[in-house]
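Chain lettering (A, B, C and D) follows the sequence in which the chains are written, and residue indices restart at 1 in each chain.
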Amino acid sequence: MKQDYVQGFPAYCGFEVLRVAYGRFEVRLKVGAEHAQREGFVHAGVLATMADHTAGYAAYTTVPENISILTIELKINYFKPALGAFVVCRSKVINKGKRIIVAESELFSVRKDHEKLVSKAMITLMAVPLPEPA
Amino acid sequence: MKQDYVQGFPAYCGFEVLRVAYGRFEVRLKVGAEHAQREGFVHAGVLATMADHTAGYAAYTTVPENISILTIELKINYFKPALGAFVVCRSKVINKGKRIIVAESELFSVRKDHEKLVSKAMITLMAVPLPEPA
Amino acid sequence: MKQDYVQGFPAYCGFEVLRVAYGRFEVRLKVGAEHAQREGFVHAGVLATMADHTAGYAAYTTVPENISILTIELKINYFKPALGAFVVCRSKVINKGKRIIVAESELFSVRKDHEKLVSKAMITLMAVPLPEPA
Amino acid sequence: MKQDYVQGFPAYCGFEVLRVAYGRFEVRLKVGAEHAQREGFVHAGVLATMADHTAGYAAYTTVPENISILTIELKINYFKPALGAFVVCRSKVINKGKRIIVAESELFSVRKDHEKLVSKAMITLMAVPLPEPA
């Protein structure tokens, strides 16, 4: 079920799943005071967390259920302050190797249905078999 | 005052300042259920947020008060799952240019006073003059 | 003139300009023995150099002639070994700020007109005014 | 033998091995006109190639002979123009996992025995078993 996608820290942050497809995942955040940095923009860490979370689940859509996805590394560029009422993050898998999966996440600040690209990330993930249940 | 260092999202995450020196900053997190990812480790986004927050404040110690610090980009590698009761993040400025400041953040999982390096980040920051008050 | 785009190290590497447009640049390399790594694939450094070179010139198309472009940082992912007779690299500017320009470079291995995406890079560049001539 | 470390593109670039130890590797380049970019500094691609080459061999010192090392991704920051007669690059492995090895490379511009840190890189490598000889 959709709510299974958001647990622990992503749930604490308030992410909400918008769309899921093979190799793709989209998440939305309603921005609150708890997401701000010093100047009142959405904190870089919130955006990095969205980028990672969304990329991880985009990768999950491409592997069997007994495979777990771990983030090896994440790189994110911040273009503009995120100032709107919502942030939307869209990820897609751009290369699927046997063990290494690479995804991109684009983050948009949303104000009155107008989207502005504020950040973009590349994420390297590893597909790891889950331990067999005893 | 020390508590001024932690506002908005870093406060919501529960970061606590341990040490401040010129070009250096250290932050600690007491790990709770709200910081977890799927498998129960500390979420990659929590670690990225700590790495960014700590690097930003390390950079702040090197500039005058009328200068703001913005993150241009962040890159973080995840080595091992963070499993301990605490995470400690230590940042230092490794290059201070006129506008561009680069810092590194090392993240340690702490268990009974034993530290293990679980993650390392490089962060590119920009020093931006604050607008003059009218 | 087109040959002005390729000097110094890019010329030594053998890059050849294919296309130039606003915010876009495309370069080709005929692969030789001097471009190989240990296993005979195109060396990661050749691909990083193409990614940087092409991104820099994509950025140059968006600024006046008295502005120089410097690379602040480059991040490149390697998906597959580059094995073909040619490598083609296409860059585009994905965000143009006042000082900071971000570009992406996609690298394709080319074999009998069939292209395969082997690598992708994000490059952060800075627009710097050239010193005035005396 | 030492010269085996430098083949193909690294040999074409003119890298010369200075030191090898477990998890560490050091390489030097005598700078020539063929290494320049537009303004006459050492090209960003030369530095990225040194950072990758040196990190790869630092990783090789930590694995058995039947294991090959591939670069998954490389991230490099450029702090200052490299202007000296030589560039020295020192890499060390900072985390050795079963499959994923992370190394750092520091690049110094050398002028009359004075070293200046001009660039720093993080490189993610993968240890891959070589195919058995038939």
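The rule we apply is simple: a contact is a pair of C-beta atoms (placed from the backbone, for glycine too) under 8 Å apart; a residue touches a chain by one contact, two chains touch by 3 or more.
Just so you know, these numbers come straight off a predicted model, no measurement behind them.
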{"item": "Which of A-B and B-D has more C-beta contact pairs", "value": "A-B"}
{"item": "Homomeric contact subunit A-subunit D: same or different residue positions, threshold half", "value": "same"}
{"item": "Chain separated most widely from subunit D, comparing mean CA positions", "value": "A"}
{"item": "Between subunit A and subunit B, centroid-to-centroid distance (C-alpha), Å", "value": "20"}
{"item": "Between subunit D and subunit A, distance of the C-alpha-averaged centres to the nearest whole Å", "value": "32"}
{"item": "Subunit B and subunit D: spacing of chain centres that average the CA atoms, whole Å", "value": "28"}
{"item": "Multi-partner residues of subunit C (each touching 2 or more other chains)", "value": "72-73, 75, 77, 124"}
{"item": "Residues of subunit B that touch subunit A when the two form their complex", "value": "7-10, 12-13, 33-39, 43-46, 48-50, 52-53, 56, 68, 70-78"}
{"item": "Of subunit D, residues touching subunit B in the complex", "value": "75, 77, 79-80, 94-95, 97, 102, 117, 120, 122, 124"}
{"item": "Subunit B to subunit C touching residues, read off their complex", "value": "72-73, 75, 99-100, 124, 126"}
